[in-house]
Amino acid sequence: MTELVPLPLVMIEPLVRQALLEDLGRAGDVTTNAVVPADAQVTTALIARQPGVVAGLDLASLAFRLIEPALHVSVAHPDGSHVERGQVIATIQGPARGMLTAERTALNFLCHLSGVATATASVVDAVRGQKAQIVCTRKTVPGLRTVQKYAVRAGGGANHRFGLDDAVLIKDNHVAIAGGIRPAVERARAGVGHLVKIELEVDTLGQLDTALALGVDAVLLDNMGPEMLREAVAMVGGRAITEASGRITPATAPAVAATGVDLISIGWLTHSVPVLDIGLDYQA
Amino acid sequence: MTELVPLPLVMIEPLVRQALLEDLGRAGDVTTNAVVPADAQVTTALIARQPGVVAGLDLASLAFRLIEPALHVSVAHPDGSHVERGQVIATIQGPARGMLTAERTALNFLCHLSGVATATASVVDAVRGQKAQIVCTRKTVPGLRTVQKYAVRAGGGANHRFGLDDAVLIKDNHVAIAGGIRPAVERARAGVGHLVKIELEVDTLGQLDTALALGVDAVLLDNMGPEMLREAVAMVGGRAITEASGRITPATAPAVAATGVDLISIGWLTHSVPVLDIGLDYQA
Amino acid sequence: MTELVPLPLVMIEPLVRQALLEDLGRAGDVTTNAVVPADAQVTTALIARQPGVVAGLDLASLAFRLIEPALHVSVAHPDGSHVERGQVIATIQGPARGMLTAERTALNFLCHLSGVATATASVVDAVRGQKAQIVCTRKTVPGLRTVQKYAVRAGGGANHRFGLDDAVLIKDNHVAIAGGIRPAVERARAGVGHLVKIELEVDTLGQLDTALALGVDAVLLDNMGPEMLREAVAMVGGRAITEASGRITPATAPAVAATGVDLISIGWLTHSVPVLDIGLDYQA
Amino acid sequence: MTELVPLPLVMIEPLVRQALLEDLGRAGDVTTNAVVPADAQVTTALIARQPGVVAGLDLASLAFRLIEPALHVSVAHPDGSHVERGQVIATIQGPARGMLTAERTALNFLCHLSGVATATASVVDAVRGQKAQIVCTRKTVPGLRTVQKYAVRAGGGANHRFGLDDAVLIKDNHVAIAGGIRPAVERARAGVGHLVKIELEVDTLGQLDTALALGVDAVLLDNMGPEMLREAVAMVGGRAITEASGRITPATAPAVAATGVDLISIGWLTHSVPVLDIGLDYQA
Amino acid sequence: MTELVPLPLVMIEPLVRQALLEDLGRAGDVTTNAVVPADAQVTTALIARQPGVVAGLDLASLAFRLIEPALHVSVAHPDGSHVERGQVIATIQGPARGMLTAERTALNFLCHLSGVATATASVVDAVRGQKAQIVCTRKTVPGLRTVQKYAVRAGGGANHRFGLDDAVLIKDNHVAIAGGIRPAVERARAGVGHLVKIELEVDTLGQLDTALALGVDAVLLDNMGPEMLREAVAMVGGRAITEASGRITPATAPAVAATGVDLISIGWLTHSVPVLDIGLDYQA
Amino acid sequence: MTELVPLPLVMIEPLVRQALLEDLGRAGDVTTNAVVPADAQVTTALIARQPGVVAGLDLASLAFRLIEPALHVSVAHPDGSHVERGQVIATIQGPARGMLTAERTALNFLCHLSGVATATASVVDAVRGQKAQIVCTRKTVPGLRTVQKYAVRAGGGANHRFGLDDAVLIKDNHVAIAGGIRPAVERARAGVGHLVKIELEVDTLGQLDTALALGVDAVLLDNMGPEMLREAVAMVGGRAITEASGRITPATAPAVAATGVDLISIGWLTHSVPVLDIGLDYQA
């Protein structure tokens, strides 16, 4: 399996600082400051309350350390690990105040990103053995694209375009405004460099035929059923990368993957997943 | 019903600028720039593809205008409106390039926030006629707290604490570290001003009894079933605000509300809701 | 007395960085760089040149460390301490260049915030033995609200609203535009959640009577003399928190406090106080 | 008199945005949003409640417009004007909600900066007819240096160094560490360019003699009484700019100015002045 | 020729604001404010003092408008135009103060970016008629990558990778550390998605042979002379994109292009070009 | 020679963070992450590929450490050193991944700033033995003024104005709009404080005569040949600082310096210099 490489600190630190300030507001943690003695020490454990895949430990850990450098995080199951209900993901030891103040921000990152990783893994597992890669889209939560894409990788998925500038993806509306597939693709080829791949969304096999004749690098087969997908893959015959999309779920993914497509792209992995329920348990 | 007041531009503009830059990357919209003529004009409509409650039109609209000031947005169903599948939420008219470039960022805000509003409304509707207010928590997506809380209001809910500094909320771990409910509450009262309310999480009726004796302003009745909640509400007898929490859903909310609690707080409204599916249709 | 809890580093670091850059400009400390040898070491002492209460040592200390990590600050009288003229607040040891470059920024924070703390303490001391708390307002120096509020706490005061979103405070202009006290209070109650307290500004006992009938949580008794305040407190009879305001000074505060009000709010603590004169003495 | 030139918008906009966000917090103006109808319009007037000099109208005006572009500000007495108690400084017309929401931030800037301008004018007036210029120092409120310096100009004063990089100012501690006045000045001359002026702090006439022999551009005559100042000015005989400093007030300034010094520098103009009391009156 | 699409305002505004503040410092344009009457109006012209290609007018124009919205810029030769010595690029009309204050920042952007465009065009012109595209690299001036890449497009060039995340480019050091070309390419293929192209730097024809056998998408033929390049292109035979690099100049580019390579990448276009000399002439 | 004092970290860290993020984009270093094992260690050397003067090691070093704190940089030739082709400037040891990821950003700073330092030194060397100082101008690359000015100092030059607010520099257009040299200088003297120097650009000896009669502090002798410069210097006779400008190169500088001018200001040092070619060699 592909190694999951951590994001550089310089990429995640601004997000964690922003999130902490959002929670601290102007007066800080008034409850903890009033109720908890300054010298109280605690040991806690991040516990999975349901099975899933972990992602976001670096962000959670940074939240704790930015609030209290004396908090020590010891990771048992790093990002990308499958955990079972009740398993300890990490233990944290240090001043109780910092622990309580950073807890919610740390969990908000960890539960959300683990939710993305877990959802991804659920589809990746469903198509295991097939060649199809599971990829995410640009339908992300504003501000979190970099870390959501990372969470998809933690779940065993891959990343499609990170933004509008990554590659050409000609959609139906581009085609309509450009006056057809041919002028759209020709303008794209003339307008971008040799190293930029061109992908075209097609809804019918007729469009696919045109696309192949124009030599596009990839085709987005949108909302096609398995049978039509299989036919499309056969038509392509390896001349282009094939990507299936359209509300594919763990239940429907195996049939889609079985058609032989290269990529299955899924928007809900980043826009509509529940958190993975992870709690911070305080040891007696 | 409470009027939904828009957020000031000064609060949402930084979020929208950040999200646009995240999508534009370093090269901008290479597809649209290559494929779509500079002078093409389009009219589009934001269409609900499923029933729900709208939230986030100001952010979506700002995304369009920041990319292309010549884009005119005309709103048919403002934030807070219930829309049916197929209804037009707004129409947008202007240069095709700007429309296509801003589309994804605009939709990412609109669909996510409408998802939050729709989820909130589903619980609000479920308890209509009861006095219980539906409130959200601090379990929000990092960076989006302000706008998620707004979306909860759009869905007919109310907002609990916005951050650690809003009010005192003494949870089980605070109590454990402080050495009991009494020292925790006493320290809290000594440590914060007269205007700050003190809420205490209680898991048993015995704890509730202690809390009431200490005169807390509100009690968080955590993970109690309807019967126990009803007993708790009776014990409180109006001496404190009562808040029920613990994975309450539209299905279980009516029974909870029927116990007479003042507030039902629900974390998943902001951390685990699917988007409301809204599309941008290009008119022929 | 209430413990003074330090602000998290994540809250003060942006302020200190901004202030240092404001002083360094584009060329840095041209005097020190030209005149002082790179290897010169000094020991200095922060000395109170007048009696007062210290606040802002964390910001001053951070200014020194951000310019020169080798500067070691050793605190003798932490924030919240009363110091006499001539007392050493802290000693600092390390490279002379960093000391001289950071000195002004460190002192600008320390002297200003100690000025706020000292002014607060002067009123707190004046009402000692009475139940009235001294609180500050939203009349703060732009950009410094968080740290000024902290300095008020260092001086023994408490904090009223931190911003427009903390609690409802209905002032005379709100009442006038809303068409009276009753509609104003009723709209407020309908428009905000159960946990938000509602305070109303009243100028006469007649208004107070109306306010009490409407069940507001607190009343702001604006510009009333001690006799009228005493009458007001009697009318309230514990049914609401009472707050006196209106240019109250250490000289007039005892009479105000003696009326039995709960809070005395004072704008000038944060908008019009002189610095506490603290110097940095270089030891021979 | 010198014309007072407005600061470019690009310099003040970040300050005003930061201050508004500090006050709006995460929920905005909950009182106004609940109590004031969306369509209510008001006319208000900024009224001087005491005599003084106005400064900061551009910042106040920007605060109103950033919250509500429909607010129109009409200025009667621009920055730099002397106003009497009761005079109208500006009138503002537009939506009541925006007026109420922006009011405190606008006043916080206006009252503080007018306080600085008024204090400056009080000393400028005291020395009118003498050649001495009144100048401020680097003892400013962190974050506000640019606008405080502007307010000093509004009050008829001038600006000394804006930061550590503006000019060389060799103080007593620099001299001590450098091993004497001569090495300090010589290193300074060798270390900075021809266009940078060199000023030296001197405490005695003996030091002044040394300084003049070394040809410094300006001398800071620190904490000298009028008689000694007069002697110092005579010694200088026009060979250097003379600056007097040391807790000079409107009462003591005339005697200082009469000694013939070129500059009188005063730290308290920017670090210890009360606000000018300016209110926002709502017209019936 | 490819249309040159403007960068969205949201991408360039932060750069222009930062540059203006860098020049305004803390006191603004003291010369203009003192010397130029507030009501003086001028008409000026941006004049090419040498032949070249224009780039950066949007940034220059924004600099003028951010300082003074009343400045009107009328463009005669937009970005991408070839201009001769003495030709008017644009005329600007409005208040003299704003013109003088913004002038240097506007010219700093315009002259630098036009310098990049002109250098690019010099190589593009040199290879006209050949298929080779001229592309820039990641050797850019820190902070300006987006606008420098735009300037290369203005000069008729194309853009290679915008950053480390755009595509895989395996260089000699990657190969050395990975233990050879084969493991490097195989790890790359396993580690990135289907849509990411893989380019390999090769220094010898033997390495090229290995690369082709591994099926890389593109080869970077580093520091090869024309003869060896020609041989390399023949070996590739269209199976991969060929990119030549290594200090190629307008003088050497034709011979390189004649070898049939697809891309000629040149670092000095963005790191070592002189400005295009453009002046702002004030009309009598 | 003047000591070269490092810039405080607080001034350079924002630039380095911005540059790293610009290169990392949204996905980070996809090549290195895929190809290089996480545990690979390397030793590298920054090698001068041509003779020159080093500047920017602190920025380069910070780039490495922000990406990977385990990278250790050991400097052999610090900023300001002359290095010969092939000399080792610094060695770096640590994880291969961090080395490869930070390499380009580090080199972009180091090569550009060393280019500025080297160009400066070439002119400084050309006038060695003359009193003339070599100074840079405000014609800098947007965003990099502070570090470019530093690089000029590293090359043995000095800095003229850092921005519009440093000193008065009255140029030909100011004079034209003000209605002549006399009104321009008189307004400047009236409008700025005693400590601000006034410099006037003159193109003819007649203008110089007027300037001297008005007692300006410095004269900018623009585009004069050596003979006319010599005459001008004689006319000035030490009454003002003399600055020569106008496309002066290492070849023409000796003749200019021989005229006895105090300053030679050169714009191209910061706007049109090639990088110093420095490579990062990986040791076997």
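Letters A, B, C, D, E and F mark the chains in the order given here, with residues in each chain numbered from 1 onward.
Convention: a contact is a pair of C-beta atoms (placed from the backbone, for glycine too) under 8 Å apart; a residue touches a chain by one contact, two chains touch by 3 or more.
Predicted model only: the values in this text are computed from it and were never measured.
> Tell me which chains count as touching both subunit B and subunit D.
A, C, E, F
> Which chain is most remote from subunit B in terms of Cα centres?
F
> Among D-F, B-E or B-D, find the interface that matches A-E: by residue number, over half of the contact pairs should be common to both.
Answer for A-E: the repeating interface is D-F.
> With centres defined as the mean of C-alpha atoms, identify the chain lying farthest from subunit E.
With centres defined by C-alpha atoms, farthest from subunit E sits C.
> Whole-Å distance, subunit B centre to subunit F centre, using C-alpha means?
Once rounded, the distance between the two centres reads 52 Å.
> Report the inter-centroid distance (CA atoms only) between subunit C and subunit D in whole Å.
From the centre of subunit C to the centre of subunit D is 22 Å.
> Could you grab the centroid distance between subunit A and subunit C? Build each centroid from C-alpha atoms only and quote it in angstrom.
44
> Enumerate the residues of subunit F that touch no fewer than two other chains.
Each of 2-3, 22, 24-28, 33-34, 101, 145-146, 159, 162-163, 165-167, 190-192 in subunit F touches at least two other chains.
> Show which residues of subunit B lie in contact with subunit C when the two form their complex.
Listed in rising order, the residues of subunit B that touch subunit C are 2-3, 133, 135, 158-162, 165-167, 190-195, 197, 199, 217-218, 241, 262-263.
> Give every residue of subunit B touching subunit E within the complex, in rising order.
Against subunit E, subunit B makes touches at 17, 20-21, 24-28, 33-34, 38, 66-67, 97, 101.
> For subunit E, which residues count as touching subunit B in their complex?
So the residues of subunit E touching subunit B come out as 2-3, 5, 7-11, 145-146, 149, 159, 162-163.
> Hey, which residues of subunit B end up touching subunit F in the complex?
Residues 22, 25-26.
> Looking at the complex, which residues from subunit F come into contact with subunit E?
Those residues of subunit F that touch subunit E are 15-16, 18-19, 22-37, 40, 42, 96, 100-101, 104-105, 107-109, 111-112, 115, 138-146, 162-171, 173-174, 176-178, 184, 187-188, 190-192, 196, 268, 271-275, 282, 284.
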